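In the part that follows, the structures are each spelled out as structure tokens.
Below are two complexes that have subunit A in common, paired first with subunit B and then with subunit C.
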Partner chain A sequence: MFRQLAISCLFAVLLLPADARTRPHYGGTIRVEVNGDPLAVPSGLARDLLFDGLTTFGPDGSVQPALAVAWRSEDRDHRWQLSLRSGVTFHDGSPLTATSVVNSLNRSCNGHCPWSVVHAVGSQVVFTADSPMPQLPALLAEDEFLIALTLGADGLPPTNPIGTGPFQFVSAVRDTVTLAANQNCWRGRPFADTIEIRGHRAVRDQWLDLSVGRTDVVEIPPEMLRQARQQQLTIVASPPVTLLALQLLTTSALANPMLRASIAQAVDRSALFNVIFQKQGDLTAALLPQQLTGYAFLFPPDRNLGKAIALRGGLTTASLKLAAEGDSAMQLAAQRLALNLHDAGFPVQVVPGNTPNPDLLLRRLPLESSDPAAALAVLMHSAGQNDPANASTPSALFRVEKNILDMHSIVPLLDLPRAWAVSGKLRDFALRADGAPDLANTSLESTQ
Partner chain B sequence: MRRRSLAAAALIVWMWASFAFAQAPSPWQQPASALAGKIADLLGPGQARMTLQNLSSIPSADLGVIQKLISDDLRARGIIEAGPGSANSVRVTLSESATKRLWVAEVIEGDDTQVAMIDAGPVTQSLPQTSGALMLRRVRVISTHAPVLATLATPNGLVVLEPDQIAIYARSTTGWRKLQSFPAAQVQLSRDPRGILRSAANGQGFEAWLPGQYCTGALSGGSAAGVWIVDCRKSDDPWLISSGTESPASAVPGEVAPALPVQLPNGQTNVMVSEATAPALRAFYNSARNYFTGITVPNPAINLPPFYSAAFIPRPAGGYVLAIGGIDGKLQLLENGALTPVGGARDWGSDFAALYSGCGSGTQLLASGSGQAANDSLRAYDLPAFEAITASDPLAMNGTVTALSTAPDGKSVLAVVRTGADQYEVDRVSATCN
Partner chain C sequence: MSLRQKLLLLFSLTVAASVAAVTWTVLIRIRQVFEVRDQQETALFVSQFQREFQHHSDEVAAAVDRLAGGDQARTMAFQITQSGDASPYLTTAQSMAQSAQLDFLEIVGADGNVISSAQWPARFGYPELAAAESGQAPFLKREDLPDGTTAIGLFAVRAIAGAPSIRLIGGERLDQSLLADLAIAPGMTVGLYIDPGTAASTAGSAAAAAPSFDATRLIAAEGPLPGAAGYQKLIDAAISSGREMSGIVYPTARRQDSVNATVIPLKNQSGAVLAALTVAISRTGMIETQRRIREIAYGIAGAGILLAVFFSLWIAARVSRPVEQLARAAEEVAGGNWDVTVSERGRDEVSVLARSFNHMTSELVSQRDRLVQSERVAAWRELARRLAHELKNPLFPLQLTVENLVRAKGLPPSDFDEVFSESTTTLSAEIANLKTIISRFSDFSKMPRPELQRIDAREIISRVHALYANAAAVDSARLRFEMDIPGEPMPVDADPELLHRAISNLVLNAMDAMPDGGIVTLSACPKGETAELRVSDTGQGLTPEECERLFTPYYTTKQHGTGLGLAIVQSVIADHHGTIAVESGAGAGATFIITLPRAAS
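Let's turn to the complex of A and B:
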């Protein structure tokens, strides 16, 4: 399946206009349409253009410097010291300082941070924690920790989002967010003058707009990739960058680990893969994908209903609440999983995604880092769980992952790609490690 | 007697084969031995059934060899291969991630399964081959994780220009080794940063231009045993895009060529002059973008368009003409005070450099392009008049060509190639006549 995806990515690259390798042109407006809210916290598309993190994931998934230029850990990873890049300014012209970074970080995780305390020491930001944070640089690359200005020159919170990113906020009118090139961006001015992101746009309408030249970039959900290929859209797809997983609440109804083990055996990944997600992505029972670790095949993804019933052992539970984060495909997947669990003797009720504390939560977790240990740490943080023990060898990482999976608080289901369709006007359109478009480095063909 | 001779011959063949085998150990021997050691640690001496599956890119022809290597090593450690009825089994999987080979052994004793795994080295890929009429060939000079803007080979080392530093490499027995690096001035960079390196006038040091800054480098004492001194300062001065020394006709390394003549009284701009070397030309660079503004020193008295690349090429009748690759994608020649579009260059990329090959017309332009391929290629073109004529087959590169520059001797071109995220290599491209 990975090979299939790689081939389709290759086709996508071949379909892009590539008559000759020209240098990128400056100017013009790139128009984007998405289904979600462009300014949604933490992963709205506009946020990646407005803000920078202290670190970032490079296109290959490695952790790279961003607003921090260097870092070092002390006290066996209990304390980290990050040095800030000098000369960086926010969009309003105010300088980036260690204090502004600390204020932003404190607001972003609001007490639920991977660290105990963060404070400013001169131009350095210092993190301390009671337990070791071996993968803190990778965690800081997550969208959740993008740095925003929290207090303006007047001492009040700014009315518009202000960051240090390649584009600055211009307006948000109805569903369209308009951003303008940041001339003073520390990475260099982006190629496009303006980005217009239209949010809350149904995928079918996005495709229609692309076909009549009203937009340049549209989303392709994994379940619609096959259809997009049939319509011969110019597609750029990532490798699997999200893990579709079922997260189980380990308290109350599912406090018994045998019940959670039973649920893990009862889920039918093949049905999700074949029916809901139209054979896109990869079936998986591992947290990290095979192409990252090489050992994911040791976790077979097959359903074993007999074993699931045996593990349940006649125990009954109250009706379990199953919620799904995200779009209609996720809701359909939740319905399907509810049927699977019914087969194993679990009464399950599918509830809206915003239901508090559901027993089961179907969600997508990020797989951005190319370093398996860092990827696992980021994934576990996103799932609201502790940073796992650091593992430097494949064997050690396998043991850590197996221990996590044996708790059955996360049941991996599918590794899914992210995909976009683009107009022929774009040059050097590429995806970032998280599968989002790298619009700061994209240029338009017809501008100079 | 005859039987004895045959036996002796067979013995010689066996000894030769043994010797050859000993001389060329299998590349899988080390990982096979390491995995067998881990299996033995888990299983201990005894009997076990072994199976092998391949989830990696290792060719199936190698699987028999690998299985035999593991079995032999296990036997040496007291584990004998058993039939299907054995209570113990070892399931070996040759797996890999995107970058590394991982060999995994599942040791199954009854209901208990233990796992051992070893790192079996990086996943390797083969490189494409090319051929052509005027044959281009490339040799990798260095590969690095840092973005490379330009390189220059000097008698005292290889100079590598990076966005934030200048690195000096010294030749060692295994290739080029980084000797020193010097930070460049802190200026704001473009998203498509560029830079130029030129030999200093004395042929020993160098001059470097980066967006908004200018650097010089020289060896104290002027010899290879000296210490490099590099000085950078902020500068908006024009960049030296042709020093007039990049041709074989320049007998003295570093010889300063005559400046580009200014407009003549009859209104003609004498770019095409009968000189042994190409004229020197400086051009103002737009530091916030990625191109030259079109304003040059000396001024040819005609408005040049903004351009990405420019190179002098000699005319058969003598003198030089300036080829300009505009940001509008057009290739034009500046000759007799007029710009004339060149045909046959529609599929060129933004970068080109002159190559004094001595083949055909003697000088070709080497241009980048990607065609329908994922990676860029380089191709040589003759410009006998106002038509670019292919002079070689495309030479496939390992990634995207981000910079081209003519080497000081003019006989080769240094190409900077981005081969992956944060992976760069510098190739020296030269031509041989067919």
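Let's turn to the complex of A and C:
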């Protein structure tokens, strides 16, 4: 008996430190370096920490409640009614109201909303539209529709970004944004006291800083993921969460669908996949990834230059402007696509990403939702195109997607993951559905 | 054109032509000198450029050699050879080019396709033909760039040590930085023209275009070359022919901005022209010098012309003025003034001519005086002869009558009385005759001054016609009078009595000229500013000699005429500021024409 008791006590003594090691610590500063602007709209890393949406995507990609606790559709999805979470306050202490939500939504989409009218009814936010909005909860989880305070207590727009997220804005000095833990967050206090996000940092420099301990989280673009693994960095990568696609303007020079079809056949995905993006992600000619729909293999991604030239049929166009959103890899991919299109007889000029109304735009579109229909709706909304018809079955969804692809206004190229390298000080580092780090639930190994 | 003007023109043309010839020769010589200097400077610069070009070639070759033998390239080549995967080295060319300070660098695999490109990273997988030039001397090559432009570079191809199938093609851009290293003489402008060639991309563009001059591609060390469009002709010629071209280029519309330009084509290994070096030397100095010389020439020409004016005036004073004086004197002599002389200074031909002229006029005056003298003597002789003749006629009867009276003294008184009476009658008659003769001579010497008044010439003609026509009416078969006057008045300022007497005298002469009868015609007609009165007969007419002497006093063709009638008529007409003339032909009668100035009506 004593022996058993002694053994039990010994186990208990041994287990106590183990429990202490696994329990997350509060406090400390998490330092993050990214290539882009932390406050950029959308997809700025700091925005996810400052603001909440009415809904959000869970780690599994499902739509989950956030500032809205419940929602209900009426009139065959023409009207949606969302109930707000009670007791939520902005960082300045002002309560979250339906009116503040409506103001934020109206400002965020600036007249190009998926809905016709949004208005507050008590503690509820009501959306109405002329066409059905079956995927509105998923759309509201997009970064674009995060809720921010638009009017302060003095009736003027706040000078700093104010939201309801787990961290609140402290300062933005040069390229570094400093956030402090929101003690009153409706989700509970985050573990870290402070997060410093340094933006506009070159990837090589980020890696150097990580190696010397000057930062805790750095960005790893897909094209450098292979190299990062070779360098033995601690990498956390998402499944493919973005679709690299070539978006074609269906007016002016490319109004002829045959020309767009020719371009779709001329692009060389394998060169992008094998060389530029270093075999990361997946080749695709479908809008939604294979693991989400199961039918993506029905859209062959192979290049067919002969067919492209035949589809062009000797038609010549004025010089097409091809722009690319994003980093150097995107610019390189754009140049490669320009060469591909030259091969098919299209004169193409690569222009800066901020060029208005380019004929061709290389961009990344989100693939966050685990629901294929919702993912397609979010993707099409991000591409600035009409919501697709609702499809409840895989075959219906296939037809919808095929119809979209047959218009050749979007040419899917690659499904790409997002990846981050982290220091050994972080605990419970995980990625959210969009591949961004979930820093609210990340803690530091030690605050000493 | 006067002699003075001719001299002025001759001197001016001579001066201007001389100055122009000298100026033209000097300008040509200056241009030649400047052209030789420009050619020497251009040759010097081209030599410098070739040295710099060779220096850059050596630098490129050395840089690519270093890269090809470096650890990075050898490791890369080894791993590519081992794994067969070149994709991890997509950006290697950029880092290598940066470390070697090369503008262009491509890594080409064993299949001749690009593994990595510094200048166009997206070109991986495309073939690169220049890889076949491995190991050779640096060469010029046109390189297409992602932005659609093309550049020219000095390239060297080297195989990586230990992996000869993998090659590096490194290059340095041929642009204004090359020019910046060159020492450029003052007044010299150097440009580099990068021929865009056809717009074909590596993969073969459908939008290939014909080669064409693009002024923006002609650059100087400090930026775009001003007036680049002016070089088009030379550059096009140099590119198409592959030979050096020279000529004058006008970058602006101003001539002083023009340059002596030389275009040197830069070729690749196959002889195709990829670029052209332009060396332009300003012609401002030459043009300014020419301008100054031209200004000096203008000044000299102007001064020369002024001198020509002065000399022409001086020579005119020496030569043309005596000639002009001679001409004026000759005109005066022609006008009847023989008492004119000209200056005889000097010993030249004009002086001889002046002396001859003076001698001629003096001789003329002398002869005229002698002629007048002789005419005066002849006139007095004629007068004496006439007086003697006229007086002798009555004196002879007087003498006979007196002798009869003397002889009748011995006759009986009754016979004496009869003789006496007849003698006194005869004496009275002859004495009256003598008085008449004397009064005629007296009248001729004392013509009264006309008392002018405004009259109608037609009335005078009518009065004379009426006077004589009535008298002739009794013998109208032999003598007939006709009159022809106009309907409108012919006002003249004249003394009607004197004019009447003059015309009557002419009528009497006409009647005398027709002893066998005929027709006397009186007529009047206006002739411009004059009134013309005519008296015509149908007699035997006058010889030309008679016509010339007809108005000479005391000249007569009649047996008993005094020769004063027509002289008096001429005197009367002259006192009326008119003229009288005679027209006659043998057997065609004679017509006396009185011309009087018409008075205002």
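Throughout what follows, the second predicted complex is superposed on the first by the 426 of 448 C-alpha atoms of A that agree within 3 Å, B and C clash if a C-alpha of one lies under 4 Å from a C-alpha of the other, contacts with A are read in each partner's own complex, and residues count from 1 in each chain.
Criterion: a residue touches a chain if its C-beta (ideal position, glycine included) is under 8 Å from a C-beta of that chain, and two chains touch if they have at least 3 such contacts.
No experiment lies behind these values; they were computed from the predicted model shown.
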When subunit B and subunit C are modelled together on subunit A, clash or fit: fit
Partner chain in contact with A:226 - subunit B first, subunit C second, else both or neither: second
Subunit B versus subunit C, judged by how many residues of subunit A each one touches: B
First (subunit B), second (subunit C), both or neither touched by A:343: second
Which superposed partner A:278 touches (first subunit B, second subunit C, both, neither): second
Which of subunit B and subunit C A:298 touches, first, second, both or neither: first
Subunit B and subunit C, minimum CA distance [Å, superposed model]: 27
Touching both subunit B and subunit C, residues of subunit A: none
In the complex, subunit B residues that touch subunit A: 55, 93, 95-102, 104, 106, 115-117, 119, 186, 188-193, 288-291, 306, 308, 327-329, 346-351, 368-372, 374, 376, 400-401, 420-422
Residues on subunit A engaged by subunit B in the complex (per definition of touch): 10, 13-14, 18-26, 58-60, 62, 64, 86-87, 183-184, 186-191, 290-295, 297-298, 370, 372, 393-395, 398, 440-441, 448
Residues of subunit C defined as touching subunit A within the complex: 87-88, 90, 120-126, 146-148, 201-207
Parts of subunit A lying in touch with subunit C, wherever the complex brings them together: 226-227, 271, 274-276, 278-279, 316, 319, 332-333, 335-336, 338-339, 342-343, 345-347, 349-350
